[in-house]
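In what follows, chain A forms one complex with chain B and a second complex with chain C.
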Partner chain A sequence: MKDKAYASMIQTARDLFEDLSFEYASKWKSKDKSRRVIGFLPIYIPKEILHALGMLPVGIFGAGDRLPVIKGDAYFQSYICHLPRTVVELALNGNFTGFDGFIFPSICDVIRNLSGIFKLQLKDKFVRYLDFPQNFQKNIGGEFYRSELDRLIADLQGLNGKKMEPKKLNDAIKLYNKNRQLLKDLREIKRDRPQNISAVDYYLVLRAGNTMSVEDHNDYLEKLIELVDKIDVMPEDKIKVIATGSFCEQPPLGLIKTIENAGCYIVEDDFQLGHFWFPEDIPENSSDPLESLIDMYLHKSTFSSAVYEGDQPKGELLAEQVRDLKADGVIFCAPSFCDPALLDRPLMEKALTKHHIKHTSFQYHENLGQFHVIKEQAGTFADMIKLWE
Partner chain B sequence: MEIQKENSMIKQKHMLADQFIELSQVKESGKKVAYTFVPGNLTELIYAFDMLPVYPEINSLQSGMRQKSKEYIHEAEDMGYSEDVCSYVKCDIGMMLQGNIGPTGQQLPPPDILLLSYTGCFVFMKWFENLKQLYPNAEVAMLHIPYQEGGKIEPHAVKYIKDQLEKDVIPIFEKVSGNKLDYDKLGEKLDLSAKAEDLLIQVFDSAKNTPSPIDAYFGGVYYIGPIFTAFRGSEDCLEYYQELLKEVEYRVANKLGPITPDGYMKEEKYRLVVEGPPNWTHFRGFWKLFYEMGAVFVGSTYTRVGGVYDDDFRHSSTDPLGSMAEYCLGCYTNRNIPQRIDLIESFIKKYKANGFLVNSIKSCNSFSAGQLVMMRDLEERLEIPVGFIETDLVDPRYYSYSNIKNRLDSFFQMLEQRKSFIVDDDMLPDDVLT
Partner chain C sequence: MDYTLGIDVGSSYIKMALVEYSDTPVVVDLVVEKIRKRNPTQLINMAVDNLLKKHDMLYDDLLYVASTGEGELVERKRGHFYSITSHSRGAYHFHPDARTVVDMGALFCKVMSLEAGARVKNYAMTGQCASGSGQFLENITRYLGITIDEVGPLSLESKEPAKLSGICAVLAETDVINMVAQGMKTPDIVKGIHESIARRVVSLLSRLKVESPVYVTGGMAQDVGLVAMMNELSDERNLNLKIAASTSAVGAGAIGAAIWGGFRHYKLLGVATA
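And then the complex of A and B:
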């Protein structure tokens, strides 16, 4: 049975998810006048740097179906994905008033150009497009990345006058290492006993980690994991799937629920991929912690549609993940008009087919309201695997 | 009616024919082939290794012009590529799957090197990840060009590109070609490029004249042909621009408009600047919609996608790798949105445009995302009439003649009404000005 305490904790995460006025961030900021709030777009940013400078990183993942798009549609043509519309809508409606700046990681042309729109529309805010290296050699891409981070740090320091200190960065790394470990613990439960926490609840908990401070999220996770671990319910007759392609524009909660209700336990997904960007801890006591962040990015980043695959084809890595997790199949679940995800899909499908791994695919947009077709498709996929595999 | 062609056009046609013949004979000649992209292309470097370049997006646009893109795109979509993604990619992959037959009917050779110059377009990276699997025997050289995030070229970005060239890209070329890079040879080519770039800017700037002797969009596609693709850094390229400039000067001297498929443009009624690439599947019909209305393009951003030379950048032998780095960084779609707006504003002012049009391309987020904001910003800054149409690069399903015509009719009506309010300074008597 899932008790009241569990329900209450999930409600906390849901409230944060629903809150488009970012009240948590406002309250956090009001406690100290040197505090700053920095919004960031998907997928990954080195949050440790912000923390070390007394700043709260807040994920901006669009507004899903919780905000009618009125102004945003006047900013983007019909064939551009949906996420930037709700982001612009939030910006123009003043929902980001309490934010001091924004970081746009280099993941696609739309997010890149959205940074330019922010530069024009929010002239009083700090706006930075953060170019991650696509060359992973330390003496080439590593040097470039350090220069990019140095420039970022210099500009962030200007927002509150704080100076970057190695000790503070190491402390932040420790906190985020702990956060990553707790999230991995929760993920392990989700993989082994998916009946203990629904895909929607799990998603909300992860989303909360991109709104709360890392300290609060760590406390929250410790309590929640204890509760989830104790839950004793029988698993249902469902297949185990990996959902992939949703790393930026987020699937609506209804879609996640639909997949699960249609007979698929989601044992791995990339909805909040930034939390799992590194599979292992970042060194915590380095004399040059920035170098640790750089080394991790160059050599330990997870595979992603936003990162050049080099000699490690993503389809093969996905197939390996399926084998490791003993998943029954893969659901490609990508937002419409998402170039990175949709251009990866044929390559990944090909690799999975080669490895005799079952897969299905569909597209969505963040404010999708009808899930009947997806339910049929996911249900058929689950039935096919249950009956014939 | 037969299309009028000038010497420069004929010369370009021969240059292209020779190039494809040379590509079809690599088995005999033993020359190596590099596939690369137009924005941020390193043509001089490729030729310094005596290799031959192939540009997948040029293959796609030519397939579009030859009405082959539809079946190629279907082929790729059957393989699982979404209808939503870039039609250049799908067209190229479809063409490859159907035998890689180039525009001259000859088969294009497979690449020995895939030179991924990832400049101003994220899709390039995905495109090459796809090509990499289709051509498993090719070496891959990745050249990541950082974006001009802050609106200027950062020294650390130049260093990053130089480092990649020196430590990664050039060694791969040396391995494949079996030759060490001859910097003198590279330098000579870069200096030849600079001369052609000077001439190209003179051609573009001829649009300051009234009537404009050039069409900087549809005609511009021809003017940029050699310098954006396989010929930059060659004597042929320089001769092409010398010939082109002569023709332009002749038209200026004789108050002639640009050559269109129906001969010299007759009356110049509207002078437009356009943002976004053209549609290729209906290229001539699309052009006709404008020249029949007396609309000439005096400036375009598409003709800067393979290099911006308006702000004095020129390739140079003085610091060859640094020069190539700055070239890549400066390409139009590698510039941030405020920079793009500034560049368009300069075109509108410099070439005395009285209208600004966006041709929004369904396939190309690198261009399209942000265009509506750019349009509004320019309208506010300059009070210039703005128009908006939508087409695609090579997917004919997204070319709707009636939609485009309706929108253009409204745009031209607006231009006509606004024209009566525009008073040129020269037309006012002196006492009014004082």
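And then the complex of A and C:
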């Protein structure tokens, strides 16, 4: 049975998820005058750099169905996804007042243009569009990425006067390595005993990691993993699926719950992909820790619709993941109008079909409130596999 | 003997079927409980306990407990089957000649075309609007001052059915209130409602290009006027379908879930069953 301590910890994560005024960040910042809060958009940023400079990275993943969009719609055409609308709404409503800056990683044109809107609308804030290399040779992509990070560090240093020191960056790498390991431990439990933590609870825990400081999240995860590990409940007869395509605009909690209730245990997803960007630890004692971050990005990044696939087709990697996890199928759930996810989907579907892996697909937007059609689709997908495969 | 239990949680009723599972499953018991304003989860637990007691069984004696419908409200279960799959199997159990099944419940109407062995080949369902649902019909009976059981026979008496809005339950309800105020005969109003609901279902049948025979499951299958109207409209469109209420129509979902539960149990063990 799941006890009160478990419920209370999940409630903590839920409260952080619900809080659009970012009170946790404000409290964190108020403890030291030199502290700065930097918001970042999906998917991945090198948070270790922010930590080494005494800054709190806070993930900005839109507002789901918790905020009516009034002003945000005026900035985007109808064929643009929903996430930037709630982000603009939050910005214009003053929800980011306590933030000192924002990093917009390169993922798509919409996010790049969103950085432009922030530059125009929030003139007193630091705003940076962070370009990532799509060439993975050290002397080309590596050089480019170093110049981007050097420029980022130089500008961030100007926000609180702190200097980047290799020791502090190594310390931050150590903390985030620990965080990644704890998250992987939790993910292992979720894969082996999916009945111990629901997909929604797991998601909330991951989301909390993009709001809390890494120190707090590490403490939180250690306690939670101990509780989750002890839970003793029988698994239900459900299929195991990988959900993919939701790495930027986030699926509503109701959608995640719907997939699970429709008979699917989600054993892998990309909802909070940034946490799992690297499959292994970053070297912790390098004399040039920035080089370590760069090398990891060039050679160890996970596959993603935001990264050029080079000679490793994403569809094949997804099929490999299905085999490794012994998943029964794949659910493509992408936000409407998400170019990166929807352009990749046909290629991935083709690869899965080639490998005789069952898949289904649907689209959502972050403020979706009706899940009946999706429940029907996921439910029949699960039944088909359970009964006739 | 292998026993399986199917629990179908609807928005108005909970249905439970105890099945003796084999290649030729037998329905041992069927329980139907109206939820009224009770907590559905507590009601399910209570009903399961009562059913087991009645048959002198323990929970662990059940090979597989399967939910269908709003399955998340069932605390103790091994698996869940979607209502499309369950209703198809439930109707097929009584009618192995079934090529099409129409599930008409309180909130949605679903049409499934079947392959051999009750495997769902294709399906379609009504959208969000409640005007094609049993809940809508139940609401209307209150305006008319009749019981739900009277609806079917009254409809068959009508000679001049009323014309209702077929698009929206809210508009259709307004239409009915106006008709009552104008003194229109109750049978004509009821048949008008049936026509409005049946037209939607027949459109789905036509869209899916289904084959005959068609069996109707769910609470609305008991409405003889509605089934008659579906046949009438199907003939009007030359669909050449024979539409009839399924045996044990209300319990079809629960029965189907229980049977699939047994099938799944043996499939997991690597043993093929019918």
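Going forward, the second predicted complex is superposed on the first by the 389 of 389 C-alpha atoms of A that agree within 3 Å, B and C clash if a C-alpha of one lies under 4 Å from a C-alpha of the other, contacts with A are read in each partner's own complex, and residues count from 1 in each chain.
The definition used in the following text is that contacts are C-beta pairs under 8 Å (C-beta built on N, C-alpha and C of every residue); 3 or more make two chains touch, one makes a residue touch a chain.
Worth saying up front: this structure is predicted, and the values here are computed from it rather than measured.
Bringing the complexes onto one copy of chain A puts chain B beside chain C with no clash. Draw one line from the C-alpha centre of chain A to that of chain B and another to that of chain C; the angle between them is 100°, to the nearest 10.
Between chain B and chain C, more residues of chain A are touched by B. In the superposition on chain A, contact is made by A:112 with chain B only, not with chain C.
In the superposition on chain A, contact of A:386 is made with chain C only, not with chain B.
By the document's definition of touching, of the two partners only chain C reaches A:236; chain B does not.
Of the two partner chains placed by the overlay, only chain C lies in contact with A:261; chain B stays clear of it. Smallest inter-chain Cα distance, chain B versus chain C, after superposition on the shared chain: 19 Å.
No residue of chain A touches both chain B in one complex and chain C in the other.
In the complex of the two chains, the chain A residues touching chain B come out as 74-77, 79-80, 84, 106-110, 112-117, 119-121, 128-131, 133-135, 137, 139-141, 143-144, 147-148, 151, 305, 308-310, 313-314, 334, 336-340, 342-347, 349-350, 363.
Those residues of chain B lying in contact with chain A across their complex are 79-82, 84-86, 89, 118, 121-123, 125-127, 129-130, 133, 142, 144, 146-147, 149, 154, 156-157, 159-160, 163-164, 167-168, 336-338, 340-341, 360, 362, 365-366, 368-373, 377, 390.
Within the complex, the chain A residues that touch chain C are 234, 236-238, 261-263, 370, 372, 375-376, 379-380, 382-383, 386-388. For chain C in complex with chain A, the touching residues are 64, 71-72, 77-85, 108, 119-120, 123, 125, 128, 260, 263-264, 267-268.
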